[in-house]
Amino acid sequence: MSADKNQFALTPPMGWNSYDYYDTTVNEAEVRANAEYMASHLLPYGWNYIVIDIEWYAVNAGSQRPEVQYIPFAKPAMDEYSRLQPDPARFPSSAGGRGFGPLADYIHSLGLKFGIHIMRGVPRYAAHLHTKVLGTGVTADQIADASSICPWNPDMYGVKNTPEGQAYYDSLLQMYADWGIDYIKCDDIAASKLYPGYPLFSRAEIAMLHRAIEKCGRPIVLSLSPGPASIEDAWFYEENANLWRVSDDFWDDWKALLHMFEYCELWQRHVSPGCYPDCDMLPFGIVGGGFKDERHTHFTFEEQKTVMSLWCIFGSPLMLGAEMTKMDPQTESLLTNRDLLSLLDPERFRRQVRRNADSAVWMSTARQAGGRLAVALFNLQDQEAEVSVSEDELFVPLPAQMKECWSGTHVCPVNGSITRKLPAHGAAVLIGC
Amino acid sequence: MSADKNQFALTPPMGWNSYDYYDTTVNEAEVRANAEYMASHLLPYGWNYIVIDIEWYAVNAGSQRPEVQYIPFAKPAMDEYSRLQPDPARFPSSAGGRGFGPLADYIHSLGLKFGIHIMRGVPRYAAHLHTKVLGTGVTADQIADASSICPWNPDMYGVKNTPEGQAYYDSLLQMYADWGIDYIKCDDIAASKLYPGYPLFSRAEIAMLHRAIEKCGRPIVLSLSPGPASIEDAWFYEENANLWRVSDDFWDDWKALLHMFEYCELWQRHVSPGCYPDCDMLPFGIVGGGFKDERHTHFTFEEQKTVMSLWCIFGSPLMLGAEMTKMDPQTESLLTNRDLLSLLDPERFRRQVRRNADSAVWMSTARQAGGRLAVALFNLQDQEAEVSVSEDELFVPLPAQMKECWSGTHVCPVNGSITRKLPAHGAAVLIGC
Amino acid sequence: MSADKNQFALTPPMGWNSYDYYDTTVNEAEVRANAEYMASHLLPYGWNYIVIDIEWYAVNAGSQRPEVQYIPFAKPAMDEYSRLQPDPARFPSSAGGRGFGPLADYIHSLGLKFGIHIMRGVPRYAAHLHTKVLGTGVTADQIADASSICPWNPDMYGVKNTPEGQAYYDSLLQMYADWGIDYIKCDDIAASKLYPGYPLFSRAEIAMLHRAIEKCGRPIVLSLSPGPASIEDAWFYEENANLWRVSDDFWDDWKALLHMFEYCELWQRHVSPGCYPDCDMLPFGIVGGGFKDERHTHFTFEEQKTVMSLWCIFGSPLMLGAEMTKMDPQTESLLTNRDLLSLLDPERFRRQVRRNADSAVWMSTARQAGGRLAVALFNLQDQEAEVSVSEDELFVPLPAQMKECWSGTHVCPVNGSITRKLPAHGAAVLIGC
Amino acid sequence: MSADKNQFALTPPMGWNSYDYYDTTVNEAEVRANAEYMASHLLPYGWNYIVIDIEWYAVNAGSQRPEVQYIPFAKPAMDEYSRLQPDPARFPSSAGGRGFGPLADYIHSLGLKFGIHIMRGVPRYAAHLHTKVLGTGVTADQIADASSICPWNPDMYGVKNTPEGQAYYDSLLQMYADWGIDYIKCDDIAASKLYPGYPLFSRAEIAMLHRAIEKCGRPIVLSLSPGPASIEDAWFYEENANLWRVSDDFWDDWKALLHMFEYCELWQRHVSPGCYPDCDMLPFGIVGGGFKDERHTHFTFEEQKTVMSLWCIFGSPLMLGAEMTKMDPQTESLLTNRDLLSLLDPERFRRQVRRNADSAVWMSTARQAGGRLAVALFNLQDQEAEVSVSEDELFVPLPAQMKECWSGTHVCPVNGSITRKLPAHGAAVLIGC
C-alpha cells in the first residue's frame, strides 16, 4: 500500500507561522529564535511546527513596503532547475546550494517539525528565462501556463497538467524531502473570492502536488490556501490534502471572528484524522512588524479566549501568528490550557447546538462510551450577557459537575441547565469532571 | 430532556411511497393492498413504512390528467379548523371525522408504520373562506402569508411565523398524532431550483413544524422535500429534520442516476443516526399508473442494482416507488439482499474512493475494530468495462476473500487489488468474509 | 393600419398621481379637488393627467395601516364578469355600475385626461369564487395562473396566455374605454428586483394588454411598473408600452436621486416619441398622508430643482406626487418653468457629457439645425462646489450668452467654458439665447 | 475645441481584416496584394480600410500551429522604448526602425486607410527586461500591472493607471500617428465572457487610449475587442470609442448568426455617427488559411446574404474576412450592392419590427421627410418559408412599389402587406422606389 496522507497528521497540527508578524521579511536568526522559544515553552503542550511563510526566496523582500508587498518582475533566488531557493542574504545556512537543509536539521534537533510556504506554479522568472526542468528535456516556458497567474502575487505561473508539469512538482518535492521539510503550506491553490466563478480552478495542480508528496518518501503534511474553500469540494480536499482554509485570511477583527462561527457551522462534520478544515492563524500577542504596523493584537483577551475556544472545540489546526520572543505570560496562558487542547482530538464528535445573533453553543463528546462531555458557550454581543444551555438542546444528561476551562471553577447544572454570565465577546468551555 | 428527534429513526427509513405509481390518485384499498404485500414479503428485511403521497385531501384528484396534475381553486376535504382531511370518496374509513386513524390502525396491525405527505402551509381555500384556527381567536386568513405560495402546486399559502401560525402547526401535529401517523413527508419546504436565489426560504416553517413534532408526544419522523438541499444548510437540516432530499425528483433516467453520484459525493459525511440525506424514491417495477403512463421502469435490471448499491453504501433512506402488488420476483430480489441492506447502518464510515467519467468506487467500514470492509464498484460507461480498486486507494488491506453481494460469488484480491468486469451501468458490491 | 401606440403620447406625459400622498386611500372628492387645482394652475404649462393609483377597488383600504398596506383575502368591489370596480364608498359616482365613467367625464370637462392604476391579472377573489369571464364560456379560475402572484400585493393571480385570457384583458380594456380612461399604469408587470432571475417574466401579459389596447378603439397610454426595467428588454418595452420605470420606487431620498443619474446614463438613447423610460413620480410638496406619515418632502428645494432638471433634460415623464391643494408657491414654481419643460421634447438629442462622484453634466440639442443648446450642471457633493463644462467636452461651440433656467440670470462662457458655483446637491440648467 | 472622435468615422467603417484568413501569419506582400485588390475592385463601393490583425510583432508567428496559436514567453520585435515593432522578417519595409510607415504610405497611395490590431498593455517581455518608457524616468516593470493579463494571449501586461502609464500609451499613439495609422483595433480591452464578473474591467485603459488618441494629432478610429460588450456600458463606449463588439468572435456558423439577431435587437438604438456597435467580421469567401483550415466559408450563399442584410440594416461596420485575391465573383457581388450599402447611413432610423423563432423583420427610414423606407425580411427556419410584414406592424404606409435589393425584382404590396418566399436562412431587403 502507498502512503496514506491521513497518517501524516493524526491530530490537527499546532505550530507557529511567520506571516502575522514578519510578512515577507523573516530571516534565519528570527526563525531559530522562535523555534527555540517553542521548544522550551510550548512543545510540552503539543506545539511543534515552525512554518516560514511567503517569499523566503525573494531578494530585498519587504523593501518597498508599505506601497508594495510583493515586488514584481524581480530576480528571485533560484537553482538551475527553476526551483526557488532561500534568499541567501536572509538564510545564510542555505549557502552552497544546501537550501533549507541546515535550518531543518536545527529545528529537528529541537524536537520540532519544519514547514514552508510555497506558491503554486513555476517562477515567472524561469519561464521568461527558459531555464531547465530537472529530469526532463523541456524548459520552464514549456511547463508554464501563461494564462494562469495569482491575482495578488507576481511570482509564478501555474504549471500545466502534463507529464513534464508533474516532473517539475516531483523535482520540487524531492528537494523538499531532501531538505527535511515536514509541512507545506501551498498558496494560490485553494478557492478564493478573488476568482469569481472559479472556486477551485486548480484541482489539477493540487492533485499533482499530492502525487508528488506520495512519491517523495517523506510524510509531508499538505496545507492549502487561501480560502474560503467551498464545501462543495470537501471530498476533493479530503482526498488530496490535510488542511484547507475555510475562511479568508483571518486577522484580529471581531467581524472576522463572528464570520468564523458560520464557517465552523458549515464544516463541523468534516473534521477527521488527517482532514482538517482550517480556521487560519491565531493573530495573538505582538503582530504586524513586517507590515510596518507592529502592534499588540487588536483582539481583547476575552476575544482571544473565544478564538481558542472555538478553534479547539471545532477541531481546527492551531498556528500561532505572534512573534513568540515578545510573548507575554497572559498570551502564553491561552496556548497552554491542557483541558481545552484535549478537545482538538479529531475522533471526538462535535456539534453546534445553537447559533443566533446573540450567542452560540457548541458541544463535543468522545465517541467511546464514558467519554467526557464538553460544552462551549459564546457571548456574541457587545456587552456582558448570560448564555445558557439545557439538556433539552444537548439531548444528553449534563454531568453533576463540570469544570470551566479558562477560570478553573467548577459548575453544577441547575434543573438540567447551565448558565454563565460572559463578558462581551467572551466564552466559557465546560468539561465534565 | 425533551424528545431527541434523532431517536425517532436510528436507521434510514425503508418503506413504500404511493407517488411513483399513483401520482395523486391512491385510495384506501390500494394502500391496504400494498401494506399487506409489504407485511408479508418485505417486512422481514426491514421494510416497514407505508407513505401516502400528495393530495389525499383532493376531491376528483387526477381527473384532469394529463393536462393538469393539481386542480387549482378546488374545494378540498377540510375540517372546521382549516385542517385538510382525507378525501372521503377515496378513504371511506375516514368518514365521520376519523381522518386517517382507522387506516393507521390497520397498518399498525400489520406491524408497519404509517406516513403521509403534506404541503407546507394552510389551505388557500381556508384563507379565502376565513375559517377557524384551533386554539386561537384568529381565522386562516390571519395566519396565511398571501405572498408565500408553492410554484408548482396551488393548494396552500405559507404560514406566518407568529404564535398563531405555530398554533396552527401544533393543531395539525396533534391531529396527526391522534391519528397515529409515524412519518411526515413535508413538501415545498426544502430547497428547490424553482426558487432562484432562495435556497432555503422556509426555515421558519421547518422550525415551526419541528417544534410542533416535539410537542405532539409522538415520535413522528420528519422528511423534507423537494430538493436539492444546499449543503450550506446541512446543520439546519440536521437539527430540525430526519430526512432531506439531496436531489431533484428522481425518476428512472440514467442521467439522473449519474447525477446522484455527485450528490452522494457531496453529502457522504452527513449520514448519522437520525440524520439522512435522502436520494429519493426507487422507481422500480411497475410505475406511472396514476400519471397515465403505466410502464415497467425504464431502468435496466443492472441500473436498478446500481441504484440499490449506491443508496445502501451511501446510507440513504429507501422508499420503494413500485406498485407492490404487481411486483415481479426479480424486482423483489433487489429489495431483499441482506448483505447489501446491512450497509445502511449509519454508524458505518463511508467514503467515495474515486469518481470520474468512467467509474466510481465507494468503500464502507464499521467504526469498531474488526468490522467488515465493503467496497462498491460502479461502471458508469455505456458498455461493459472492468473496474478495479487497490489497497493503495483504500489505505486498508483487502481481506483474503470477499463476497459479491448480487451474484453471491466469492472473490480473492490479486496483488492487493480487485477487478470486476461489469455490464454497462452495472455495479458490484464486495463485502469481506 | 392599426393604431400606432407611439401616437398616443407624442411627448412625455405630465400629470398627478395619487400615490405619494394618499397611498391606497384616495376618494372621489379628493381626486376632483386635485383635478380642479391642476386645471386652474398647471394645465397651461402642459400638466394634464390625473391618475388614481393602487386599490381604488378595495373596501376599507388603508384601515389596517400602518401594519398592513394591502389587506389580504378581502372582498373587493367587482362586477359579475370578474372585473374590479371602484369602491362605491369612496367613489359615489360609480354607483349603479357606472364605474369611473362619471368621474372621467368630470375630469375631461376640465380639459384634463384621466388615468388609473391596475394590477396585472384577475382577482384572486374571482378565481376562488369561479366568477364569469365576459364573452367566454369559462370562469375566472380557468384563466387564472395559480402560481403567478405579486410578491407584495395579495389581490390578483396572473392571467394565462390563452384566448380566454386575452378575452379577459379585452373585456377590461373595453370597460376602461367605455369609462373614458386615457392612461393605464399597470403594476406588477415590469421587471423588479423582487423577482430574482426573472427580470421580465410577464412578457405575455404585457403583450395581451398591448393587444387589448389596440383593439379597444381608444388611444390609451400604457405605463408599466414597477422597476427597474432591464435595458436588455428595451426593444420589447418600446414595442408594447409608452412608459416603463427605469428605477425602483422613487422617494424623497438623496441616495435614490443619486442612483437615478446612473439610470439616466443607461437609458439616454431610448427616449423617443411614444417611448419613455420613466424616472417615476416627483415626491414634492406635501406627501405621505395616506401612509400615516404626512410631511413636507425630505428633499431640499435645491434637490427638487435637481430632480426637475434631470427629469427634463433626460426626457422623463413627470408625475407629481404632491397633494396639490396643499401646495405652496415655491413648490409650484418648480413645475411651471417653461424653459426647462421645453427640454422634455423627445425629438431633442440628449447626452450625458460626464459623470463622476462629484458632478454630472448633461447636454441636449434640437436635431434640426439652429436649435438651442441646453446644458445641465449637477453638483453631487454634500457641500457647495463649482461645476464646469467646456466646449472640448461638448464638441459644439457654446453660444455667446446662455440663460440659467432656475435663476433667470444670463451667463457668458469664458474661454469656451462655463462654470457655476452650485449649492450642495444643486443644479443649473443653461439654455442658449 | 479638442478633436471630436465622432468626426473620425461619420459612417460605419468598411474594410478588410487579415485575421479570418491569416490568423497571426500575414506578411507585407499579402497585405499589399489585398490592398491592391480592394483599391481596384471595392473602393468604389466605399470599402477603404486595410487592417492587419494580431501579432504582427511576433517572430515565427504561427509556427506552432495547430497546437499553439500564440507562442508564449517568446521575444517579440520591440524598440528600445518597450514598443512593439513589425516582425522584420514578415514586414521588410519596416527595417531600420521605420515601423509600418512605408506600408502605410503605400496603402494611402492606393486611396485606402490603414489599420492595425494591438493588444492592451505593455509587453511582458519588456516588463521582465525592465526596458525604458519614452519620456519618463521609469522602466516597463514600473508601469506594468503584474496581475493584469489577457486570458487567451500571453504577450502583454496591463498598464497601470498612472501618469507614467498614460505616457506609455501616448508614446505608442505618437508612433502610430507618425507611421500614418488610421485605425486601431485594440483587443483584450472590451468586455468578454472570459472575465466572469468583470464585464468591463479595463475602463481606465480605454480612457488612457482615448486620451492618447486625442493628443496624437491624427484622427485615428478606435475599435474595441473582444465582446460581447454589455449594454450597461453603452455610454462609456460611446464617449471613448468608435466601434465596440456586440458579440463573441463571429465565425461562419448559423447558430452564431442567429445569436447576432439578439445582439442587433439589443443595440439598435445605439448606432449614430462615430458610434458603431460592431457585429464583427464577415467570414466570407476563402478563410482559415493561417489556421491550417483553409476552406470556403461554411455559410451558404443565402446565409451570407442574410449576414450582409442584417449588418447593413442594423448599421454595423463591415470588415471582410476573406482572402480577397482568391475571391470569386459571387462573393464579390455580396459586397457591391449599392442599394444595400446605402442603408449603413447612421442617420437613418432603424427598428426591429418583429423577431421570433421563425422569422425576423427590420425596417429603416431616413429621418428627413420623404426618405425611402427599407424593410428586411429574414427566414430563420431550416427550410423554405414565407415571411410577411404589414403596414400594421410598420405604422407607416408601404410604397406602391419596392425593389428587392438582392434579386433586383420589383414588388408591390398587396392589401398593405408584403410577403416573400425565402430559402432556408435567407433574406430579402426591400427599398421603396
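Annotations
Letters are used for the chains, namely A, B, C and D, taken in the order the chains are written, and counting of residues starts over at 1 for each.
Note that contacts are C-beta pairs under 8 Å (C-beta built on N, C-alpha and C of every residue); 3 or more make two chains touch, one makes a residue touch a chain.
Keep in mind that what you see is a predicted model, and the values were worked out from it rather than measured.
With chains reduced to the mean position of their C-alpha atoms, the one farthest from chain A is C. Rounded to whole angstrom units, the spacing between the C-alpha centres of chain A and chain D is 51.
Rounded to whole angstrom, the centroid-to-centroid distance between chain A and chain B, based on C-alpha atoms, equals 40 Å. Centre-to-centre spacing of chain B and chain D amounts to 57 Å, using the average Cα coordinate of each chain. None of the residues of chain D touches two or more other chains. If touching chains are joined by edges, the resulting network of the protein chains shown is one closed cycle, each chain touching exactly two neighbours. By the definition of touch given earlier, these chain pairs are in contact: A-B, A-D, B-C, C-D.
On chain A, the positions that touch chain B within their shared complex are 1-2, 4, 6, 231-232, 234-235, 265-266, 268-270, 352, 367, 391-392, 394-395, 397, 416.
Those residues of chain B that touch chain C in the shared complex are 72-73, 124-125, 127-128, 130, 141, 144, 146-147, 149-152, 154, 196-198.
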